[in-house]
Amino acid sequence: MQQLTTIGLNHYLTISALLLGFGLFAVMTRKNAIVVLMGVELILNAANINFLAFSKYNGGMQGVMFALFVIVIAAAEAAIALAVVINIFKIFKSVDVSERDSLKE
Amino acid sequence: MLSLIVFLPIIAGLIILAVPSSQKQIIRIVSLLAALAQGVLAVMIWRGYNPSLPGITAAPGGSPLGSFQYVERVPWINLDLAGFGPLNIEYFVGVDGISVTMVILTALVSAIGVLSSWTIQKQVKGYFILYNLLGAAMMGCFVALDFFLFYVFWEIMLLPMYFLIGIWGGPNREYAAIKFFLYTLFGSVFMMLVMIGLYFSVTDPVTGHHTFSLVAMATQSNYIKDSILGPNNEMWRYVAFIALFVGFAIKVPMFPFHTWLPDAHVEAPTPISVILAGVLLKLGTYGMIRINFPLFPEVFQAGMYVIGIFGAINIIYGALCALAQQDLKKMVAYSSISHMGYVLLGLSAGNSEGMVGALYQMFNHGTITAMLFLLVGVIYDRAHTRQIDKFGGLASHMPHYAALVTVAWFASLGLPGLSGFISEALVFVGAFSSLTTRSIAMVAVLGIVFGAAYLLWSLQRMFLGQRKPDAAYDLVVGEDGHEHIHFHDWNGKIDLDGRELTMLVPLVIITIVLGVYPMPILGMLTSSINRLVEVLSPVVLSQL
Amino acid sequence: MHSLIQLSIVVLLLPLLSFVILIFFNRKLPRRGDFVGVGILGTAFAISATIFWQVVVQAYDPAFRVAWDFTWIDLGNVPGVGHLQFKMGIVIDNLTSIMLAMVTLISLLVHLYSTGYMAGDKNYGRYFAFLGIFTFSMLGIVLSDNLFSIYIFWELVGLSSYLLIGFFFEKQSAADAQKKAFLANRVGDIGMWLGILILYSQFHTFSFQEVYANLAAGKFGLSNGWLTAAGILLFMGCVGKSAQFPLHVWLPDAMEGPTPVSALIHAATMVAAGVYFVARIFIILTPDALHVIAFIGACTAFMAATIAITQNDIKRVLAYSTVSQLGYMVLGLGVGAYSAALFHLVTHAFFKACLFLGSGAIIHATHHEQDMRWMGGLSKNMPWTFATFTLATLALAGLPLTSGFLSKDAILAGAIGFANVEGGGIYYLIPVLGFFSAMLTAFYMGRQIWLVFFGENRAHLKPADDHHHGHDAHAAHGADDSHDDHHEDHGVHEVSWNMRAPLVILAALSLFFVYSPDPLDGAKGWFMKMIPTPATVVGAANPQKGALLAGVAAPAHEAVAPHGESAAPAAGEHGVAAASHGEAKAGHNYSDPRQAEIIHAGHAAHYTAIYISSAMVLLGVSLAFIVYVFGIIDPDKTALAIRPLYLFSLNKWYWDEIYQATFIKGSMALAKMLTWFDINIVDGIVNGVATLVRKFAFLNSSFDKHVVDGAVNFTAFTVNTTGAVLRKLQTGKVQTYVVMLLLALVGYFAFYLARLIH
Amino acid sequence: MSTQTTTVIFYLFAALTVCSAAFVVLTRNVIYSAFSLLFTFFGVAALYVFLSADFLAVTQVVVYVGGILVLLLFGVMFTNSIMNPGQKTEVSNTLAGSLLFLGVTGGVLYSFFASPGWMSTGKTLQGSIVGPVGFETMSRYVLPFEMVSILLLAALIGAAFLARFDKKGNS
């Protein structure tokens, strides 16, 4: 009970793990590229939570700075990914990643 | 000089390679020019050759190179096989009296063959490339003084011959080509084994290393006493001699290895028959003289009688088989078997008369048989058949052709005044003078009669008398009231045309000139042959 | 170089020049260039006449001899022999010069004659070219001084004979005949060549003089049998060329050639070459070889004569008479009557050429009728031909006052002497056969004269088919059709001057005074003085045999010699005989007593020979008269009465059939058999080996396919399948990859957990 | 305020975050998931505040909600035709996905809790971090900062390039 009442590192880690799992689940299962991207965002957020949690409970700034960079990169990634998705849509008239198996060639 | 004459055809072949295959005339002309250049070189070699130098082997006390001429000698392959010591193969060419005549013959026959190839229409480019390759290989065989080099040329020769027969030949060409190829390959395998054995038995007196140089091999003192083919190893020397002899005898061809020849000739196109009979057969006997006999003189001494018997069998057997042939070309093929028998007989005599006769016979057979095959080709072009019974009475319609055929036929049956006679006579003189082969010579003389029989009989059946009812041509009465001959689907000249005359007349002239005054060729042979006889005679052997 | 040599070289090369000109340019020259041939031969004859004049008439020396040679083939310094050279050369002695004159003269006359006889033939020019090369080769034989060159020209003569016999090559019979002639000659040449080889193998030279010298010096290394064999083998060349038994079969067939050719080659010159050659080698012939030669000559003479009496073809009769006369010459040489034989050679050449040309005139006049049964009564139409033909016939039959009488008598005398010396018995067969043949000769020549010239013309009796055959021959001959053949009686007429002149000249040359002042003894004539019997070198070669012979011959010598001296004063002519005999002895001291004995006995037997031979000839002539002129005996009935003999003779003793059945069929069968052997056995073995190899190759390849290659293929298969399986995993879908990635991650976690657990 | 209230608020936001994230993943409607993602981001931002990273919380709201989410919505609008907004999307390999979801999450959590060395050290981050962030950005992390800004610029240009309408005008 003491564990639960005083918010500690473990709570954040649990949340981040769940977010990570959900994100992976989305990446794995959903056919819509947009949703896959959302899953990726979830994973990134999970990572960010971990960074910040560790930096808070270690009292250093590294985690914070990393999380900052991750956000920036996430923005870039989202932009690029969406552009790609739109191109895919332009070409295939669909964003169903389960139909895109060009990697086979 | 020699390298030039050897590789000139290859250069021509490369040029042809660059010519588009549609330009048939250019291709032909290029090869013709190459052949003519080769002829010019051959004449220069002939003029510049000093007949007083014997060659054959390193003269005792002389230079280890022997008194060969136009020698070119450069290291070719130098490998260091750790276990076996250094392997040094040389590019070593040179001529003596034996080879220089063959070089002249090769150049002559090749040029004639190019002219005769003018009518080849199928894949002209490939044909002439192969033809030039063949020419180079033959020339190389005759000038090579390094056994390995000789072997290389010998093998190179097979390939174009195989394709020339197998692609441009007659209906049954594949069979003939395969037969030729396998037979000769069979022989050359033996040759290679003996070659290797010799390499490890002989040391170059100068360098002290093992060597492939035939000049060194021809000197018995260069053999390591206890090596596999050394003097102390009698049995293996006999085996090696027989193996080499079989290898060359197949090329001659000697009974019973002769059956590839009729097939090859019947299937081969005319120019290839000319080359085959004119030059290739000579390579067998040349190999015997250059390699087989001087390297194993004591075995030769022991085997003279057997060789002579085989020669006699060739003479009579070939003549009798020719007597029974219906196909003119096959008859001529068997006649070359018979004539090469004279060469073998002369060699087996082991004395100067016989050997000079044999070599002169090689030259004359080259020219005469070339003539015979060209003439057969002439009638085959017109009538598309070679069955002797399909003709008759040609003489009154094709006078020039009949005249040339008569000359050629009589040259072939050894009429005095034509070159064939002198060589045959010398062969018999030699064979009879040597006690070993005297009895053989007395039997072999029958070949003269049989030879005359089949030649005259074919001459009569084809040219004399009247047209046979089932002849391969018709008689039509021309506008001038006289009967004229007409071949089916032949619109060319009935009698010989200019190209055929340019092929044949030089050969006729050579035959007559060499028949009246043989010294131009004989004179180049004598000193070499005398030296060879010394090498082969047991007197010299006992001094080893 | 001696001027005679230069002249002789010119003579030798002139006919060759004629050949070259005519063979290449005869169509461009007017009259097909026959004048070239005639002119050149005229020149050649003129030059040889001068040679004859200088040698025989001016020098008049039995031992006259000039020689010249040059190196033809130089074999260099041959080990064991030394410097070896083959020389070509020319020798001129009496015999050579006489032969030169004879050959060129007859050749010239035949050229001249042919301008008429062959006129209009489509190969007219080529004909003269062939005559030219024949003359060249014949002169080569005559002039050559060594065995090798004589062999060369020997074969060349065979070639020209081949070309001329087959001149009408459209006729199958002519083509057969030329082939037969060449092959028969080749068989003889083999023997000759082997004989040459035996001599060469001992002496390493071909030159006559060196061979003589070496033999005389006893340098012959082999046994005496080899020497005899050499002699007989060399004689085989003569057997072939001079149509001696058993190689005589080609000569009658050779009559397929144009008649002038028969006159030149197959009567006068070429067939005499054999005799000439035996004369050249006479002195190296051992007694045994001479015996063989004598017997063969006798058999030939007799056999040919018996055949000649039943032949109907005018030319065949003459052909067999030629064979018979050649038999006489060979017989003469065999018995050692050397000069007599050569004498007969020359005389026979002239009168036999005359006979052939005469028969040619008859054939020409009767439009190529050769069968005597359809002739007759020609003496009225052709007086010139009749006269010359008859004169030559007398000479051939050997009646006195003719040249034939002198020479034949000399030969028979030699035969008798030979038989005496050899001690009788079987040797008497030789003169007996000779005399009998003389009788037969007289008979069949009389028959021929009668059938051809007397009686009435029987041309109309000729069966139609034969008639047409004659026309075919005519067409094939291609002579000009100036006179018309189509009504029955053939307009027979005398031939033109250019065919008549040779007849006259030759007939004149077959009279006795040309050769000898004495119509009964040729030994008095210049010829037999100029051509004495040379001393044999063989006796010297083996002294023990010579001594033995001397022992045998001595008593005979004693027996004959006193008779010679005693009779000398009484009978002048016999004295002359003895004198000539003595002169012969003076000319040569015969080291071999046997030879001396034979020569002496031959001279001694001179008159015996005359009497017997004259008797026989008269017998033959009278027999011919009885049969054909007076018709006392009907030839046809007689033929029926002795039918087997008649057929035997008519079919020429069946020699052709025998040879056809044995040698020709035999060699053809052998050839066919060998070809079968070649195709089925030798090649069969080769192909069999090939098949075996191929079979083994198939086995090998199946092993290769199923085992070796199997392994490889199996590997490939496994890789392939796994690849296929793995390819299923590779969907190309990103999410699948993610799934796998995470599977790996989970696997890691599992591992990690396992690590943590213990 | 008392620790209880903060704890309760924390649990609320945590629940909000996790549930909305689950909804993002589980719903078939793209629009729904997009909007529920909005709530996830808000929840995360709130958690940042709890982690005393106020600056980052604001950044999170600005960047994610204002930028990325709008981008995502644009994407949804572009890719799904406007006519049927409630379009369902298919789900593939759900089984493997869920198993792995459990495996990964379980594995991660276990490794978190099984490694005791991660228990909080004594000193923690206190107060606002705006100043320290600015300081760190301009001092120690200046190079990564510049690089990331260049990266962002390049990415945006590239995105614009990729997503542009080409000349032929077919969208």
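In order of appearance the chains are A, B, C and D, and numbering begins at 1 in each one.
Operating definition for what follows: a contact is a pair of C-beta atoms (placed from the backbone, for glycine too) under 8 Å apart; a residue touches a chain by one contact, two chains touch by 3 or more.
As the structure is a prediction and not an experimental result, all values here were calculated from the model.
Of all the chains shown, the one with its CA centroid nearest the global CA centroid is B. Here A-D and C-D were compared by C-beta pairs in contact; the pair with more is A-D. Between subunit A and subunit B, the centres computed from C-alpha atoms are 90 Å apart. Chain centres here are Cα means. That of subunit B falls 95 Å from that of subunit D. A separation of 6 Å divides the Cα centre of subunit A from that of subunit D. Inter-chain centre distance (subunit C to subunit D, centres taken as mean C-alpha positions): 128 Å. For subunit D, residues touching at least two other chains, in rising order: 92-93, 96-97, 100, 104, 108.
The residues of subunit C that reach two or more other chains are 735, 739, 742, listed in rising order. Along subunit A, residues 24, 28-29, 98 each make contact with two or more other chains. In summary, the structure contains touching chain pairs A-C, A-D, B-C, C-D. If you check the complex, the residues on subunit C that touch subunit D are 735-736, 739, 742-743, 745-746, 749-750, 752-753, 756. Interface residues of subunit A facing subunit D in the complex, by the touch rule stated above, are 5-15, 17-26, 28-35, 37-39, 41-42, 45, 48-49, 52-53, 55-61, 64-65, 67-69, 71-80, 82-87, 89-90, 95-96, 98.
Those residues of subunit B whose C-beta lies close enough to touch subunit C in the complex are 179, 182-183, 255-256, 258-260, 317, 320-321, 323-325, 351-353, 356, 393, 395-396, 410, 415-417, 421-422, 425, 428-429, 432-433, 438, 441-442, 445-446, 448-450, 452-453, 456-457, 460, 463-466, 517-519, 522-523, 526-527, 530, 533-534, 537. For subunit A in complex with subunit C, the residues that touch the partner chain are 24, 27-29, 36, 97-98, 100-105. Put simply, subunit D touches subunit A in their complex at residues 3-4, 6-7, 10, 14, 17-18, 21-22, 24-25, 30, 33-34, 37, 40-41, 44, 47-48, 50-53, 55-56, 59-60, 63-64, 67-68, 71-72, 74-76, 78-79, 89-94, 96-98, 100-102, 104-105, 108-109, 112-113, 118-121, 123-125, 129, 132-133, 136-137, 141, 144-145, 148-149, 151-152, 155-156, 158-163, 170-171.
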